[in-house]
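Both complexes below contain subunit A, partnered by subunit B and then by subunit C.
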Partner chain A sequence: MERTESLWLGRFWPDNWRYHTRMKVVGFLFTLPVLVFFLVFNIYPIVSAIVISFHEFDLFGPMTWVGLGNYENLAGNKNFWSAMRVTLSFTLFFGPPAWLIAFIFASLIREKLIGRFFFRSVFFTPTILSAVAMATAWSLLLRQNGPLNAMLGLSVSWLTKQDSALWGIVIMSVWQGVGWFMVVFLAGLQSIPQTFYEAAAIDGAGRWRLMRHITLPMLRPVFAFVVIHTIIAGMKVFTPMFIMTGGGPNNATRSMAMLIYHEGLRDLRMGRASAVSMVGFVLILILTVVQLRLFRVHEGIEE
Partner chain B sequence: MSERSNVVRIARFGLLCVFAAVMLFPMVWIVSGSLKPLEQVFLIPVKWIPDPVQWRNYPEAWTSENFTRNLMNSLIVLFAQVGIQVFFPSLAGYGFAKHNFPGKEIMFVMILGMSLLPLQIIMIPLFVIVKQLGWINTYPGLILPISVNAFAVFFMRQFISSIPTEYIDAARVDGSGELNIFFQIVVPMVKPALVTLALLAALASWDEFLWPLIVISDQKLATLPLGISYLKSLYQAPAHWLLAVSVVMATPLLLIFLFAQQRIIESAAQTGIKG
Partner chain C sequence: MKTRKRSVIILALLTLLVAACVAPAPMASDMAAEDQPVELSMWYFNWPPGYEYQAERVRIYMNDNPHVTIDFDHSIPPVGEGGFEDKVTSALATGTAPDIFAVINPQAIKLINKDQLAPIDSDAVGALGFDSVDALKASRLPGAFDSWSSADGTPYGYHWELSWLVLYCNDQHFRDAGVDPDAVAIETWDDLISVGKQVIEGNPDFYLDEDGNFKRNFIKLPMYFDDTWSMQVLTTFLAQAGGSVLSDDRMSGQINNAAGVEAVEWMMRVSQELGDPNIGPVIPGEVHAAFGSGEMTCDLAGPWMYEAFLVATESPVVESGYHAYGMPAIDAGTPGNVFWGWAWVVNAASPNKQAAWEFLRFLEADPQGQATASGIWQPLPDIEKGWGAGRVPYADLVAAAAEGGQAIFVTEHYAEVARILRGKIEAMAFEGADVQASLDEAVEEIDSILDGR
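After this line comes the complex of A and B, so read on.
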């Protein structure tokens, strides 16, 4: 396709540029705005986070080089370890129960059934509702005189006690999170060819064996996807903590993301906050590599 | 139909009803509480039907903070972000799908990599940059830094790749410029993808909390989520008001969901719109 007629910006091209050269430039121009965006708002910040993490910086004064000082400080900093513990606990207490419940939901509405569409909507709706609004409302639901205690016959002051506050947030998060997991599981279940089940049923396999020998193994890549997403979600969790407990009581619900916010934007210790960010960044990188490995294996099987 | 399978069926249905009740209970309580007099909100046993129904909670809660202003801000941010999120990734998607230029693959992989970089990790330097740009407490600061996400670029490239190149080549032979091709051939053919993208962008923008919290300290520029958090942080904010504004905040999301359920669930399964 050798042509010289008007291209986009036709008149402005140097006369001696050939069609293919022009097309390459045009193609690049299409991607340019997005490229600039990512350079300015993603790449530059992450590089800048690395740089700031080696400095002491309070936003107003000059940056002072402290080498690995911020990282050394983290190693012995109880706030840092507490935030890591909160993040890990949140992930562990939130993930497995949410997966299990979501899996049960997905299995129940997998087959044709009256009201299937309705149930799917009901289970998914909390996921779509505003995180901020639901966190606000749940801080009332979880009050000592609130309806959750009334229904369960308890009288726990969920969010104001150090040993139950994280549980309160976990309950809310499971309620909001199961819908998404369910939808992921449903998609996974629907991708299992029906013939597998038919063949096994002819061989006389019962429900439980179908589950054990077909469903669960076939869903392995879906489980891997879900696990990694949960871990990353744990590292990102911020809004429920900020709204429901502010990270308290006594830092019992201050997650990693919240620690970054507090250190950097409340206490203006940008260097230390960036060092925490870098720890999170490295964790995410590791997880991503693991995820790529897992998915490559999975694709290899499918093809 | 055997008797046993009928029993299983009924048991399954019953179980689902119980689960649905559990999942619905907080939502019902929230809506019902938002219509009760304050002293009834925490009555035990729970009073599910408010009596009397106190509609005035809504206007009272709405005027207790500057929620009209917050709503305007949220809408400005939403329309701007939806526009940016639909337009620029589509342009880039066309570039990546139907053009060749040196460095294309590397650029694309790099952009994909950016989808793994949550705001939580880069919030400190991003704040510093926005401050240097003089964008703290401004609309550009509120809108731009989180307006494009890498997933959108990937998503549009996938869709545009599926357009047969013959259409585009034919137009090129006819002498159409590339921008014309983009608007007259590519855009009409990927309309469903654009709608999905716009919906996802709208859902995310409406509920975005962390970034506005970081760049906005001036209450005049606060968005709805910030407004709610201000009301919530008041000492003893009235519960029925909190519930009322929560309902107001959540309702548009619910409506979008009901209107585009299939689309949203499908893309949720692929991408994880939450978390």
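After this line comes the complex of A and C, so read on.
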């Protein structure tokens, strides 16, 4: 109790407050600025979006209650289902190649190779560059008669055909995302005690067995984090589509985030835009919870 | 003596005081205009030739009118012109919009119908220096105000720019193919296709690879991945074919009728016979850059092409020479073009509307200086005769291309309709989708939007 009396706040404590109560209050006061920030910029917008999703609202006039009308509209709205398909496809096609390449890079960089610090910086650089600048540069690289096709000896219309445009965007996103995943994997790899490898090597384990029985199991929490991050980033993807194709050709790359932008700011249908964002929010929540559950189940079996 | 002197002074002071009280007082509004400090805010998007000219006009105005302070913001919006529109929309919705801002015509009707813009009424028109709204309208090209007006014809925007499409072609490319650019007459799209094929055949190595596929475009219509540009090109062809996107009552789509199909089939012919839409630049800005850099032979662009694009980018095309051929038509006797552009508007919530209109009168009072500095033409009849004739090549042809021009179509659902049509254009141009079937689909989707489904 004496420890709090030196605090300026101490003079305001009610006499009957115990030490732990006072410490809780002090802790709360320290977190208050962040809490206020969180309430104003996170919770308030989320609650507003939920409320608006049950209304018709054009930003300028009053809101009109429509109940589940906006959600019912989505069920029969082909633009919504197209955006959902684009978003899920992007998440699925972007994640695994990015993880695989990042894991290989992290494994190589972890070795004591000449110039590994240089390569680490080179691979990470795309992550810190402007997404808009990168998307613009890649839209030049991906032209049918552009450098990428010339290098690979292909003649693919990466961004202008409906069945290849999303792949063009995935290629750019993998290139940009690999560096970040590599750093996460590298941190995970460096946290595995070297003694595990040494002990296994003494027992005659080869590289593959070390990978299978030590590295991959020990990296399970890292993989879980990476998968969740990919789901969240994939479900929110906006910039590459906006810059490289404007959602085209013929809506083949219009993601859910872009649909929200079109519905809300362009078409002034904030109610429907909020309903789409709520569906996205719930989808991310479900996928994340399922993923975490799966991870916990596996962990339990292991233990 | 002393008392007498004091009495004279007091009498004189009293006389002065009475005179001051009896003299006619200035009008309240004059007091406001001349003495009261006025603070105006103004937004434009980050396009250097435009904002540099405007910033200079702002500086001069504040110098001449010390009681007026103008906070001119031309900071970079999230992305290009579209980002500027979003910035304005958000600001209006949150009550943080400036007194004056620029609006592109398709966006205007949305803001007019939501009572966000101040009308050019009798007070405003006086501040702009005109006797009446009719006199204001008569001072501009016919139809110039149409897409900045409410249903009853009240104008809301004071033009900064009006554009229409003009065909520009690179002389050197013609000469390299053995075609004399001076001897060429391009009045119709058929003429263009014919000349284009002649140029391609005359210099096949430049345009075609060893398999005979296009590696460069003779022309690429600037209409992909951008709603605004796709509508400019589409509606221009439609105007020439006598078609329109919407019915007269704007309650349904009708672009799938015979005129609409004819217009789009011509677009596709030009796109696919004189190049491959899948190769080269895609986004309109890159398409214009390809013409400027000499990568592409012909381009459709606005009157701003010379000053704002070729000169500003030090294009080699200025040195090697180019021709403006006006605007080709589907039928030689029926030219057609569509107006689009930016106008200044005053925020309906502004407390300084009169001062804002007065400033806009000054801002737009030197159309020839504006055109020289920024390449942006105000829609004034004969503007090219005073300024462009000696300076801008083919200014007369560029101006003539505006004849018979009409406003781009207006609907509160413009953004959605444009997005639908752009998607169909991309499918037809990039993948060869059937024109009639694509337009039927488009009309079905447009009708569902207009029905509120």
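The rule is simple: the second predicted complex is superposed on the first by the 244 of 303 C-alpha atoms of A that agree within 3 Å, B and C clash if a C-alpha of one lies under 4 Å from a C-alpha of the other, contacts with A are read in each partner's own complex, and residues count from 1 in each chain.
Assume contacts are C-beta pairs under 8 Å (C-beta built on N, C-alpha and C of every residue); 3 or more make two chains touch, one makes a residue touch a chain.
Computed from a predicted structure; not experimentally measured.
In the superposed pair of complexes, A:122 makes contact with subunit B only, with no contact to subunit C.
By the touch criterion defined above, A:132 reaches both subunit B and subunit C.
Once the two complexes are laid over each other on the shared chain, residue contacts for A:251 go to subunit C alone; subunit B is not touched. In the superposition on chain A, A:243 contacts both subunit B and subunit C. In the superposition on chain A, A:267 makes contact with subunit C only, not with subunit B.
By the document's definition of touching, of the two partners only subunit C reaches A:61; subunit B does not. By the document's definition of touching, both partners, subunit B and subunit C, reach A:145. Which of subunit B and subunit C touches more residues of subunit A is settled by the count: it is B.
Residue contacts after overlaying the shared chain place A:157 against subunit C, while subunit B stays out of touching range.
Residues common to the contacts of subunit A with subunit B and with subunit C across the two structures: 59, 132, 139, 143, 145, 242-243, 265. Residues of subunit A touching subunit C in their complex: 58-61, 132, 139, 143-145, 157, 159-162, 242-243, 245-251, 262, 265-268. Residues of subunit A touching subunit B in their complex: 1, 3, 5-10, 23-31, 33-35, 37-38, 40-46, 48-49, 52, 59, 104-105, 108-109, 113-115, 118-134, 136-141, 143, 145-147, 150-151, 175-178, 180, 183-184, 186-187, 229-230, 232-233, 235-239, 242-243, 256-257, 260-261, 264-265, 270, 273-274, 277, 280-281, 284-285, 288.
Interface of subunit B with subunit A (complex): residues 9, 12-13, 15-16, 19-20, 23-27, 29-30, 33, 41-42, 44-46, 88-89, 91-92, 94-96, 98-102, 104, 107, 110-111, 114, 116-118, 120-129, 131, 144-148, 150, 153, 169, 172-173, 175, 177-180, 182, 203, 206-207, 209-210, 213-214, 225, 228-229, 232, 239, 242-243, 245-247, 249-250, 253-254, 256-258, 261, 264-266, 268-270, 272-275. Considering their complex, residues 79, 86, 89-90, 92-93, 110, 114-116, 215, 224-227, 276-283, 413, 415-416, 419, 422-424, 426-427, 430-431 of subunit C touch subunit A.
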